[in-house]
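Encoded as structure tokens, here's the structure I'll be asking about.
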Amino acid sequence: MPVARAMPLHTLPIHRSARLRASALTPASTRPSALAAAMQLAQLAQLLDFRHGVLLVMRRHRRDAHPHSPAPCDALHPVVTGDSRAGTDFARQIPTIAPPVIDAVDYAASDRKVRTMQQRSTPRFTALGLALSTAALAFGATGASAADKVKVGFVSTLSGPSSALGVDIRDGFLLAVKMNGGKLGGLPAEVIVSDDQFKPDVAKQQFEKDIKRDKVDFMTGVVFSNIMLAALPEALDSKTIYISPNAAPSSMAGKDCNPLFFAVAWPNDAYHEAAGQYANTRNLKSVYLVAPNYQAGKDSLAGFKRMFKGQVVGENYTKLGQLDYAAELAEIRAAKPQAVYIFLPGGMGINFIKQYVGAGLGKDTTLLLPGFSADQDVIGPVGGAMAGLFNTAHWSPDFTNAANVKFVAEFEKEYKRVPTLYASQGYDTALLIGAAVRDVKGKLDDQPAVLKALKAAKFDSVRGAFKFNTNNYPIQNYYVRTIGNDGKGGLINKSFNEPILKNHGDAYVQACAMK
Amino acid sequence: MPGVLILEQALNGLQFGLMLFLLAAGLTLVFGVMDMINLAHGSLYMVGAFVAAWLGALTGSFVLGVLGAVALTAVFGMVLEAGLLRTLYARDHLSQVLATFALILILNDGTKMVFGNDLPLSAPAALAGPVELLPGLIYPAYRLLIIGVGLALAVLLWLLVQKTRMGALVRAGASNREMATAMGTNIPRLFTAVFGIGAALCAVAGALLGPLLAVQVGMGENILILAFVVIVIGGIGSIRGALVGAILVGCIDTLGRTFLQHALRELLPPQWASAAGPAIASIAVYVFMAVVLAIKPQGLFPARG
Amino acid sequence: MRPAVRALPIAVAALVALALPFVLRALGLDFYLSLASRIVVFGVAATSLNLVLGYGGMVSFGHAAFVGVGAYVTGVMISEGVQSGVAHLAATVAITALVALVIGAISLRTRGVYFIMITLAFAQMLYYLANSVKGYGGDEGLNIRARSLFSLGDRVLDLKDPLAFYYVALAVLVLTLVALARFVPSRFGRAALALRDDDVRAEALGFPVYRSKLVVFVVAGALGGVAGALSVNLQGYVSPNVLHWTQSGTLMVMVILGGVATVWGGLVGAAVLMLMQEVLGAYTEHWEFWTGWVLLAVVLYARQGLVGVVKTLRDRKAGPR
């Protein structure tokens, strides 16, 4: 976990979002001073303008006002681990702005935990709780007119061997929010980030929490198709819009398509169709295929086979999350293919490529990759062996459109690393949400209007032109990239100008009932 | 199926089996000598991997990382034994199961707090390439190292148990604990030493497997159950049994996986065949254990006379 | 203690349980109804384990397999279009009982650590079986959109409604606890306890040891299956992870925390563990760390669990009789 340093307000790390949770304590007495404090608190919140998704941070004031009060709220700070210093620094700047300030410090850390206000049974706190609940309710229940903020629930894989994917999507998303001054489409944005730990049941529970308890306007974030398909019913059943920054299974493009589901990145098959087409241009005659045994894996090899005209000498589905590929590599060697095409995102790809090189297969067989196994998250750990490998993607860091140039520059400045395609997808998702919120002028209650605005997708994507198909999946170009020197001693992807697939949709749109 | 493929898969099975042996050896000693079911054994394997990754990054040397991990994990294991696990020897198996399960939870989160959820660990660059063993049989150098280390440790352990005084005490304790105590063996120190050796072996397995798998919290849980299966097959308290059992389990799993996938691919669509093959191979391991228990309830090489 | 006074805490508990959804809704906490439902479902599962572990004396490390089988049976039926809740229950009980019969018949021929290992082995076999059947999800798990339907006269109870689910699950729990409470002092119950304490002596006295243990094992397995059927209705999702040995471990933790060989032990343990997870989880992401220490303390110092401790205190207060 990065250590929080003392820093001024406007440079707070934006991937830590603090928010108030009005703890519903049983109301006891109503002491005027607490109520007055709550009202001041509300004014304070407006003053702070919800920057960086910070809704409310308050700090204790005037211990002497309550001689019999329990231990000071500073005791809360050790509970708030990791970010307490940033929060304390932030909080320290507040008393000069607005006394008397109440001590309810509440942080949602980037990985799934919300620290709640310590629930003490002193009358002061219960009255405060009531006051805060009313204040929060007053904020929330603003009727059918424009909402005062947009809430987004972000659930992604932030731990484990494939965490780099979720982390990048999150960082791209939050960068977009930050670059818009903590807003999306003109409304202050509150992004609730949680970790699904690569487990579908955990993702389901996080979805339930975000939708039912925190009442978010949009859900987004999931990396893996199996996790998304397990958690998606929570969103669809409660009529919450889900915008996928990554997973886009064929089922949701076709027979299961749903007006509440939007795929911002690509259809699952797309990169692999592009790779199959590229294999044709390279006149490859025999290919061995490897993918994990789950929906996206199935989609990937189906896509490759749809375009590839040569012979598939082997089709091996590995266990999702498998890390030791000794058996599969032995099979590949025995099959003697001309090329090997794999779809193994995240940690799976890193291990496979390392072991592939270790088994000496790189010499006689060409390794073809989709962008998922050839971006910075894999290049870093694998290293020099990646040089010269070809891969396909819808985006590359060297795209010259204005939006992308700005994105890459800001991302490198903020996070000190080159963005992967996952980061670009997170960024585009935030821009899409922002465009929709802007186009409905903040009236998020009017869901048909929001859906229409989302479908129109009037935003400047970092990939260039963006358009949705009738099934809410993108129609776009796909490019071939190759891994070359970045001039600074490292490796980076470089794209070829001519797209390998132009204005390409997906093969399932006919099965979708939406028109 | 070509012969080279079978050979290569057999080597893979041997490699997997030998790593399993390292875990099973410590486990069978603890169980045989101290009559304790230790579910936290997999956590020691995880701790070993994490320490190796951390030290490797700190010193920049893979070898130093492994050696340091072995030393530190052994010490950690001995402290754990003397401090906590000692109270469990007298208890019934259920209490031991539950207490060591609690220990898994504590160690999992404790590791997360100290090291984070996962750490990178790479094989040394010198071993990152392949080696040609026979014409046509190319095998990764790193896996050969694992096989080498596994075999060397097996020999070392055999020497320890058969030829040294401490080994004699261990064998005595494994075959009849009460009698060994009556004969005057310093039981507490012996137990601590046995646990330390078990922890050290775990650390070697964790450090060596780290580059192939991923060093992450919870990595011990899956391999732990297989280690238990191995010691039940081999005979509780017997190192020889652990070795034979481990190699058998490793080969059944790896070779079974390959053969079944080939066979099933004729019958089922590839996604189904790829799912069913490994699953049936894993089931076969457990069926094998059940069969062994039915025929020879004490295992293949029982230590208890 | 007089029966009326003894019944008071039970009456209070019943009242709280019945009124809970409305109280939560009034407080605006109706999100937590799903937590309450989960506690009820795990209470049933843990009680079924307590039957085989506490009262039967069999350390079955594969109990999660029965829960998983029940969940899969119901899940598969729903995904194939069979919606009747009664059909789900009947099939679940029948199939899980059959599986428990097979596993028990083989495992009960062994003793001690070998029994533990064999039950574990069977659970793992079922785990890999669930992983292998790609048609019903395999390791991706099985998603179901519909739920069980129960018809009461002309009304249809759809378990998709959280309120309906809560009360149905509560009904199952109450039936389980009542049945267990009646089982313990019954003739068969006393025999089972005798077997648990010393089965060699019991056999010498003429008890049919093997048969009695098998009956307890099968009944507990079937009950676990019912818990599984409920759980798939609650989650709308079942995956092979439900059958993993760590889930069996979690169930055992619940039984120990609550109290081995007590009627309420399973429910209390489930409630304590899940509440600890929720409350601790709000303060720190390392809640498992503290849970582990609590569990360790219970195993070492309060082996009889929470209910056991309460019982000891109550008996101590009542004085020598």
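Lettered A, B and C in written order, each chain numbered from 1.
Assume contacts are C-beta pairs under 8 Å (C-beta built on N, C-alpha and C of every residue); 3 or more make two chains touch, one makes a residue touch a chain.
Please read all numbers here as calculations on a predicted model, not as lab measurements.
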Key: Comparison of A-B and B-C (more C-beta pairs in contact)   = B-C
Query = Among the chains, which is located farthest from subunit C on the basis of C-alpha centroids?
reply = A
Ask   = Counting in whole Å, what is the centre-to-centre distance of subunit A and subunit B, each centre being its mean C-alpha position?
value = 38
Remark   = Per the C-alpha means, the centres of subunit B and subunit C lie apart by a whole-Å value of 32
Task = Indicate the residues of subunit A shared as contacts by at least two other chains.
result = 293, 319
Ask   = Considering subunit B alone, which of its residues make contact with at least two other chains?
value = 271, 275, 278
Key: Where subunit C touches two or more other chains, by residue   = 134, 138-139
Note = The answer for subunit A against subunit C in the complex is residues 24, 26, 79, 81, 109, 111-116, 199-201, 204, 208-209, 212-213, 226, 229-230, 233, 293-295, 319-320
Message = Touching residues of subunit C toward subunit B in the complex: what are they?
response = 53, 59, 61, 106, 110, 112-114, 116-118, 120-122, 124-125, 128-129, 131-135, 138-139, 245-246, 249, 252-253, 256, 286-289, 291-293, 295-296, 299-300, 303
Task = Enumerate the contact residues on subunit A facing subunit B in the complex.
result = 1, 159-161, 163, 293, 298, 315-319, 323-324, 326-327, 330-331, 333-334, 347, 351, 354-355, 357-360, 381
Remark   = Seen from subunit B, its contact residues with subunit A in the complex are 1-2, 4-5, 8-9, 12, 15, 116-118, 120, 122-123, 127-130, 138-143, 211-214, 216, 254, 257-258, 261, 270-271, 274-275, 278
Query = Quick one: in the complex, what on subunit B touches subunit C?
reply = 31, 37, 39, 87, 93-95, 97-99, 101-106, 108-110, 112-113, 221, 225, 228-229, 232, 236, 271-272, 275-276, 278-280, 282-283, 286-287, 289-290, 293, 297
